[in-house]
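What follows is chain A paired twice: with chain B in the first complex and chain C in the second.
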Partner chain A sequence: MSSPDMSKIKELNEKYEMFRVLNSDVIKGDFLFSVSDSFVTREADTLCGSEILEGYNPPFDADSVIAFKEAGGVPIGKTNMSEFGTVPYTNGPYGIPKNPFDAERTCGGPSAGAACAASLLDIVSLSLSTCGSVLNSAAYCGVYGMVPTYGKVSKAGTVDAGSSVDRVGVISSKSDDIVKYAKILMESGDGKKSQIKTVGIPKGVTDNVSDDIKKNFERNLEILKSLGFEPKTIELPSMKYAAIACRILTTAEASTSMSRYCGMRYGKQDGDYTLESDEFFTSVRTEHFGTPAKEAILLGSYMRMDGTRERYYNKARMVRELMIEEYQSALKECDVILTPTTESAAPLISETSEMTMVESFSADRFTAPPDLAGMPVLSVPCGYDNGGMPMGMMLIANHNEENKLFDFCETWNKQFDIVKPEAVL
Partner chain B sequence: MKIGLEVHVQLPTESKLFCSCSTAETEEPNANVCPVCMGFPGSKPVINEKALEYGVLLAKMLGCRIDDTTWFARKIYFYPDNSKNYQTTQHDRPLGREGVYYLNGKKPIRITRIHIEEDPGKTKRVGDSSLIDYNRSGIPLAEIVTEPDIATPAEAREFLKQLIQDIRHTIDMSEDGERSIRCDCNISVGKERCEVKNVTGLRNVEKALTFEAVRQTKLLKAGGKIVRETRHFDEERGVTVSVRKKEMEADYGYIDEPDLGVFNVKELVDSLDVKESPQNMILRLAKEYGIDEKTSKQYVSTSVDMAKLFEMLVSVADVETARKFTSGPISAGWRSFESDDSKNVDGIVSIVKEYRDGGITDVEGNLRIRSYMTGEDMDVISSGSSNLDEMISEFLDENPNVIEDYRKNDKAANRVIGHVMKQTGGAYSSSDIVEATKRLIGERL
Partner chain C sequence: MEKDTLETVAHNAHLKLTEDETDKLHKEFTEVLNYFSLLDEVPVRKVTKLDPVGTAGNVRKDVPGSKINSDEILKGIDTYDGYVRGPRL
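Up next, the complex of A and B:
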């Protein structure tokens, strides 16, 4: 690999705002990669899209960053994300990543900058999946996204929102890279090599999705049949609760994880130390948290308080158990489960900034349930709508059966011609 | 009156509960810290298995029900020395539940639960400012919670004393005063209870509870009402003062600790055997060998190893011989014997064997054991102690009720000691007099 042309990357970044910070001396290596701002790195500060962490220079690298570096990778910069990954669309203070296919449109939230960089720079991106964000953003930006089974990739050094559901994932425009780099991250094997024959389609899966997504999904089903796959209708009755359950757990957990940001020890430390501690915390947190973090703290705290905990937090945990059971029993009948990745192609940024937090949560309808249950997932680009915006479909395999997804990656790569955005480097 | 205690014990691990920082005490503030115990973004806790092991041992010692799986929880409260503003503790699934501890081997004190948690850091007030030291942040603690089964402040003290002795023995914790034990004391004389937080040391627990009992009783008599509240014990003034009023249960918004997951402890629980606790040993020795409970208590409190030696002597000779030597020269010489690595119990056992086989008399046996254990010259012991021994024996012959009284309360020995001190006027060291007195009383018990 030749040294990257940093001036061109900077130029692209001015328009698309995928990076919060570009590393200063990017040396030559075997491959370049970008890192979401929710991974700690020695090269740059780590802010997770929040002012409250300004000045935090972590004294260590995240495990997955170390794994990439040891494999010859060179980190190029930290990508933009929604504040602490708490909302599905980024409106953060460090720039809003613009969709490579239409700069008026969004790239998503926690993984927005990661997918944007993968698409425009043709590099592999590391990102944390919060409520399905890796797959969402990959689909919005017309690239591949893959997330291994919960627990198979070390999360040391990641600043996760919902620690019990967040997972490390990879995004790339090349299917080969998805396989290669996901394998580098995984600490244990990816299961027996096996091919997919039967594909489970959840009943009613295209209800209430956009017409384009529906038509595209149906057409791809025909293609899959012609390739020898056997579709099979399956039932996942709890799926309708799963996305919101994933949100409940994520916000409840995030509200506790974020309690540590209080103007002491690291990050912003310009508070008034003459105040009593409670007042001090309140003033720092009021001033330096953005709206997404504040809303997530309020919502998440409500989910776990006496009186509401039983109704929300505890129920969400029950839904997780149910969802795992349902996936596993469905996956006895079929090799993988197939759904669209998103309800629509990437929405306009102007629309997303008008949405309430709860309205925006519908973005995760398909991608959050497997995050809730820790299932390995893969999103592949699978078509373009009338406006040329990319669409994706996703596969869910059983725990530890990443190999089935890798196998499909190769098959699909031969079948589907990916369209690259005009601005691609 | 009802008293319940929450006892915090520091577990004797070398590293902290969730990181590899040292638990060693150090003067230098913030010397033993890392991103984990400082709560830095991106840091993740990793369990110290040894702490789980100690927790399981204590849960077993307390006769708790131990589930196959256990997990941690986040308890959220904002405080500057609480590095994550949540404490990683256990909530829904403590390590052990529903145990029971027998005070004096008889009175059951129910154990509600035992769980493991991390200690926060320490805030130090210096003039107008607060300085924070995170060296203690992440130190592993076990919290033992009792039901309100304790009847008096004195009983609370005795309970703690026995419990701590058993805890130390169970997890091989060194003697370090009462520093590593902290206690929250709940007490009610009427319907509502008050909690006195963070009392250190047995004496203070008794004092704080006594103060509270009197305060609450007076208040009720005067027609007042007890409010549920948290109180603080002022060690210097010996009083409790109100810290927070109108508090029911604080809402900590507990959630499961997602960074640690679920621990399957079944194998660990099955693989660990709990050593016999000192309190149980006292009861067993008395029962098994037909000796006075007072005597077995004296053996075990001196040292569990000495009590074991007694059992060894029973097996090579007989109960009476073992008792005579253990109460006599072995008790007297134990402290110096224990601190001398060159000595071992085999040396004592072989002297007792000689006695058993008729090779030496009991007086010679006493002398040789004492000499072996303390390293003193035999002649010096015999000349010195014979005078002292004669004087004490004479006094005991003349005052047989001393022995009777001693059975009830070992302070009766003070009458003998006082008498001998007066008579000898400083010719013998007080420790020699105490040793000789206890030894000779022991022989007559």
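Up next, the complex of A and C:
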């Protein structure tokens, strides 16, 4: 492919802040890809959206990055994200990615820059899904997002937030890129066709969503019927607990993952060595962690400490097993499950910065449950609200049934005309 | 969460909070824990699986070796006489 015009990309980036760092060399390769700042890369430092990792230049690439490079890809830069993927909306020191359809609106959190880059440039984006972040951001930015079954794609070289939930995902404005690049990551793809006939719709799934999301979802159900799919109402009674459980597990696990950032070995190593160890670690962590990371560490530590562990962390693990059982039982009655991807189109950045923690958790309502259960998921762009903002819908398949999602992706693409943002390169 | 519990958690997590931060977080976390208390409705059951998604069979080959040499790893680390530098214990 021809080299991209980096000066135009830099100009776009000044407005949309999708990249924290751009590759300054001339770029030539079979395809270009962006890498979330939660993946280690040799070409650039890895900060995971946090000042505490400033100066960390990894001596190796993440396995997903290696897989893309070996397939002929060239990384274009590291995308902006929320600090260690701990919050659903990005608000960090390196830039807040602006929505390609309305620069006053958000692109989400951990995968914000990745989805923004996929929407504005002709590239595929690699990102880490935490509580469904890949799909949220894909829906907000009007592109496709896909996350394979937990354990199917190597996470070696990713900076973990919640290890038992995190998964590598891909984002692109092209449905065939999603299929192609997800298969590269999975190192599989036997080409077997998997027909979807029945689509399960959880009872009450459009309760408490915006009017636009509800009307759009109902409209798309009619389209699916015309394409030969058969909607069927199913019950997922534990879905209302699953988003909470996902949040508990990720904050608890993140609080232990982040204990390694202490002023030694990685990133900031500017502490006062005359201090005794506890004071040293406290001073470095207090100075260099941002508010989102501190909140996750404190809440997560509380969730797993003696005296509260049974009520929160262990209960969340029980909900995970329950959710897997309910999904698998429902998927005996249908081929895939369909829900909206988000409760509303992308909110205003000004609104997200005023949200309480509880209010922000509503971003994950639909995407956290399948993330908790490790189910393969696909978000497709499926409409635009009254303000022209994109909306997405999400399919969930059973473990290891990615082929069903790939086939749907191709079917949907044939009949849905994606609208590109005005600023697209 | 009681305020003194929050202070204990912060101390154990090696984070120092100002009084304003403690007050603000105490209020926020109270709201969060109220929201999380919905999980009390879920009946207790024994968690039987350490690998609930069944990934145990999907592992990389156990081939010894490393693609990174120690000089590269040590490049970004503050060292003293070949040892990683740290505070007094």
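Criterion: the second predicted complex is superposed on the first by the 418 of 425 C-alpha atoms of A that agree within 3 Å, B and C clash if a C-alpha of one lies under 4 Å from a C-alpha of the other, contacts with A are read in each partner's own complex, and residues count from 1 in each chain.
Just so it is clear, contacts are C-beta pairs under 8 Å (C-beta built on N, C-alpha and C of every residue); 3 or more make two chains touch, one makes a residue touch a chain.
Remember, it's a predicted structure, so these values are computed and weren't measured experimentally.
Considered on the superposed chain A, chain B and chain C are sterically compatible, since they fit side by side.
When the shared chain is aligned, no partner comes close enough to touch A:Cys141: not chain B, not chain C. In the superposition on chain A, contact of A:Met264 is made with both chain B and chain C. When both complexes are overlaid on chain A, the residue A:Met305 reaches chain B and chain C alike.
Look at A:Thr149: by the touch rule set out above, it reaches chain C but stays clear of chain B. Using the contact criterion defined above for the overlaid structures, shared-chain residue A:Glu253 touches chain B, although it does not reach chain C. Put chain B and chain C next to each other and count what each touches on chain A; the higher total goes to C. In the overlay built on the shared chain, the residue A:Cys48 is in contact with chain B alone; chain C does not reach it. Of the two partner chains placed around the shared chain by superposition, chain C is the only one that A:Arg320 touches, whereas chain B remains out of contact. The vertex angle at chain A, taken between the C-alpha centres of chain B and chain C once both structures are aligned on chain A, is 30 degrees to the nearest 10. Of the two partner chains, both chain B and chain C are touched by A:Asp278.
When the shared chain is aligned, no partner comes close enough to touch A:Leu121: not chain B, not chain C. Minimum C-alpha separation, chain B to chain C, in the superposed model: 5 Å. On chain A, the surface patch touched by chain B in one complex and by chain C in the other comprises residues 56, 59-60, 151, 255, 259, 262, 264-266, 273, 277-278, 281, 301, 305, 317. Residues 35, 38-44, 74, 76, 78-80, 83-86, 129, 249, 251, 253-256, 258-259, 261 of chain B are the ones touching chain A in the complex. Against chain C, in their complex, chain A makes its touches with residues 55-57, 59-60, 149-152, 154, 238, 240-241, 244-245, 247-248, 255, 259, 262-266, 269, 271, 273-283, 285-286, 289, 294-295, 297-299, 301-302, 305, 311-312, 314-322, 324, 356-358, 361, 373-374, 399. If you check the complex, the residues on chain A that touch chain B are 39-40, 46, 48, 53, 56, 58-60, 62, 151, 155-159, 162-164, 252-253, 255-256, 259-262, 264-267, 273, 277-278, 281, 301, 304-306, 309, 313, 317.
Note for the complex: chain C touches chain A at residues 1, 5-6, 9-10, 12-16, 25, 28-29, 31-32, 35-36, 38-42, 44-45, 47-49, 52-55, 58, 60, 67-68, 72-73, 75-78, 84-89.
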